[in-house]
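Labels for the chains are A, B, C and D, by order of writing; each one numbers its residues from 1.
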Amino acid sequence: MAEKIHPDATSALAGLLVDGMTIVAGGFGLCGIPETLIDGIQASGVTGITAVSNNAGVDDFGLGKLLRTRQIRKMISSYVGENKEFERQYLSGELEIEFAPQGTLAERMRAGGAGIPGFYTRTGVGTVLAEGKETKEFDGETYVLERGIVADLAIVKAWKADPFGNLVFRKTARNFNPMAATCGRVTVAEVEELVGPGELEPDMIHTPSVFVQRLILATHNEKRIEQRTIRQEAA
Amino acid sequence: MTDMPKGWSRDQMAARAAAEIKDGFYANLGIGIPTLVANHIAPDIDVTLQSENGMLGLGPFPTEAEVDADIINAGKQTITELKRTSYCSSADSFGMIRGGHIQLSVLGAMEVAENGNLANWMVPGKMVKGPGGAMDLVAGVRKIIVLMDHAAKDGSAKFRKACTLPLTGTNVVDMLITNLAVFDRADRSSPFVLRELAPGVTAELVRSLTEAAYEDGLATRQAA
Amino acid sequence: MAEKIHPDATSALAGLLVDGMTIVAGGFGLCGIPETLIDGIQASGVTGITAVSNNAGVDDFGLGKLLRTRQIRKMISSYVGENKEFERQYLSGELEIEFAPQGTLAERMRAGGAGIPGFYTRTGVGTVLAEGKETKEFDGETYVLERGIVADLAIVKAWKADPFGNLVFRKTARNFNPMAATCGRVTVAEVEELVGPGELEPDMIHTPSVFVQRLILATHNEKRIEQRTIRQEAA
Amino acid sequence: MTDMPKGWSRDQMAARAAAEIKDGFYANLGIGIPTLVANHIAPDIDVTLQSENGMLGLGPFPTEAEVDADIINAGKQTITELKRTSYCSSADSFGMIRGGHIQLSVLGAMEVAENGNLANWMVPGKMVKGPGGAMDLVAGVRKIIVLMDHAAKDGSAKFRKACTLPLTGTNVVDMLITNLAVFDRADRSSPFVLRELAPGVTAELVRSLTEAAYEDGLATRQAA
């Protein structure tokens, strides 16, 4: 079998990083983000990245790390609210941002991965995010044409993987990861747990092995919480 | 403006929105006041709450011991799961939303226009954080309820002839609940109708603090 | 809770059947087809159906039953090879057929369910199946515009369901069922097994409850095999 | 036509196609002769077979005891699963195909044209059964190998200047393996090149039974 498991992020990313490349990353907020691979990209020093990710991390965590080191030139995101360094770079013109509605962004990743170059959606019609985009009427309603995204590299975080590269995600850490995994020309996954062949139930695999070219055991699993909201235990 | 009646509290506005939720509904509650709606759903009403990051069947906030970093809602708050809960990808989650499978969404707003346009995501000149899932929700969910203060702090109208801020969606608002009044409309080709007033609030006050045209449905309601 | 479980197919279909309606059905060949609900539709006598289904069953099984009774006016399918009655009605002009490539049909169901009225695909470009359809160039390649499908009713077969309507499918019986479940204005599911609340793992639900309005325990689970291919056991 | 050399058997054609499968490939084998390809994959080559109805990692046919009506391939044949197997919906399965994630597909054909056009799904005047997944496979899979008899039973060419039958796809064939010869091309803007002859088959015979223009690559190959 072609070996997919690599010993660490550096090995898994070797030969894949080029200045000016496009990287799509799974994760929503700080949940389900490929922490270990982000560290690996930071260590590599690759620059001029166009990062496609729903959010931009916070100042010292997630993609925020790569913003700090000025490795990212452009973000394609739906919401970037929690990052002061982001704000500074954006306002000073160092960083470019392309906003996409969250569902449109998710669908653009899925479309790119599924060989669909464009699709129509009602989302965003009549707003600034549809400006300059083609529209079309279907049954009397106006829809905007959105493009599929294919990235040079996809980095995703999963819960479990087998050696074939089949992935299972955990709870809301799934989020953008399955689509991100499909829309990279190469996809590297980091996982919390590697299991043996046959240990994943074939009916319960979220990302089939065909989408994953390289695999590492994640060593950075901080899973920082943005909004720790608690209820008092009933007495 | 100090002698303007305050009208409903945020919790009362949330409770009014909660009354729109029917048994068996699937609903998405936005961040902020809309989140309070969940606290006011009647015990005999079975509702399944959706979070657009990819969770259907949201439970309450966790106890300290229950906190799980992998279970968060669209506001990135830690939450819990229920017996009915299912997780899905964000693409599938927005498929539910865009495909019209969610019956109701409650959102905050900066401005609502008389034609149902909504502005709730950016203020020119301020840092733009992005639309998140708001544009998808208003474009896809079958009934959109907006909760907002009736007027801005300077007294200027937020329910307007036309939105002055960049839009989140066009002709998407079905019901508007403010601290002073409730408006709804029969469908998206109908005008808004004033339906209810908060205690101590007069129709004249609402009229004076509203730029939008709307019909007065109070008489009809009294007669009914 | 709004009760989704019905005692039988007749009850689950009550009020949903109207002559001339469009019904989308899950299943591939004879695998994963809603056998019990097809019987229920046959018994109802509803006619003029446009049936959207990858295949048309065989003469006495699957949608073939509704062809026999002339309840179907039109099929939208990718392959209808195994059905002599189908062939007779088609050649005599009693039955209309619209062919769609299999992947395009699957995606059209998914798109319809996900609020996407149209998408572009390379599949079928330059063939008779793209005739009369709009095309568009993306990055120098030609793609054809295909439409999302929304049906009046979807009927699907699942393995397990809980009372909320969450569904799990089994092996290749999954096939078109998940997309079919999303693209009906009303979706009725039949399942081999009903389980209690909380018995389905939340990470492992294929069709979330929001897509299922009514539910029955399947009473017709024949699961006929079209091509029983066997290897000899090694001695 | 009785004295025309038969060339390769169907199993030999399948074996030739199998030699194109590289370690780690994901491949989709069509119904008919292409299914035989699986029997000829070298033991040191790890390949994962896909079936477009929604299965990745196809196992062999079942024993009588293993038969499961819920495990079938795209030809509706009963099969088995492996340790690597995953199931998915047909939409996700064709996402793999359309998105270019499957490296290789082997298909049968009625006609192939010199520009790579393929016809393998309908014959006018005969009952049309539909394209099934063939149009999706040829449009999406990265390398398409066609297996077919070199000539029709009446001796007429099946590798033609242009297809006479309705097309399955335009400019999609990368390699053509017939009972008499093997053709391939460097990319989809290059012409086909004759690469190999079956035992006892001459280049002249192939030429005489082919309508398509192609380059002769036999000399090059010998030299290499």
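As a working rule, a residue touches a chain if its C-beta (ideal position, glycine included) is under 8 Å from a C-beta of that chain, and two chains touch if they have at least 3 such contacts.
The structure presented is a predicted model; accordingly, all values stated were derived computationally and were not measured.
K.L.:
Which chains are shared contacts of chain A and chain D?
P.N.:
C
K.L.:
For chain A, which other chain has the most distant CA centre?
P.N.:
D
K.L.:
Taking the mean of the CA coordinates per chain, how far is chain A from chain C in Å?
P.N.:
One centre to the other, that is 32 Å.
K.L.:
Centre to centre, by mean C-alpha position, how many angstrom separate chain A and chain B?
P.N.:
Distance between chain centres, rounded to whole Å: 29 Å.
K.L.:
So, what's the distance in Å between the C-alpha centres of chain C and chain B?
P.N.:
Comparing mean C-alpha positions, chain C is 36 Å from chain B.
K.L.:
Of all the residues in chain B, which ones touch at least 2 other chains?
P.N.:
Touching at least two other chains: 81, 87-88, 94-95, 97-98, 139-140.
K.L.:
Any chance you could list the residues of chain A touching two or more other chains?
P.N.:
Answer for chain A, listing residues that touch two or more other chains: 107, 110, 114-116, 121-122, 169-171, 174, 202-203.
K.L.:
Any two chains that touch count here, so list every such pair.
P.N.:
A-B, A-C, A-D, B-C, C-D
K.L.:
Please name which positions on chain C make contact with chain B in the complex.
P.N.:
Residue list for chain C touching chain B: 1-2, 110, 112-116, 162, 164, 166, 182, 197-198, 200, 202-203, 205, 208-211.
K.L.:
Over in the complex, which chain A residues touch chain C? Could you list them?
P.N.:
For this pair, the touching residues of chain A are 107, 111, 114-122, 136, 138-139, 141, 143, 147, 168-171, 174, 201-204.
K.L.:
What part of chain D is in contact with chain C in the complex they form?
P.N.:
Residues in contact with chain C: 51-55, 60-65, 67-73, 75-79, 81, 87-91, 93-95, 97-98, 117, 127-136, 139-140, 166-170.
K.L.:
Which bits of chain A are touching chain B when the two form their complex?
P.N.:
Residue positions touching the partner: 28-32, 54, 77-81, 87, 90-91, 99, 101-104, 106-107, 109-110, 121-129, 169-179, 206, 223-233.
K.L.:
In their complex, what parts of chain D are in touch with chain A?
P.N.:
23-24, 26, 46, 48, 50, 56-57, 81, 83-88, 92, 94-102, 139-140
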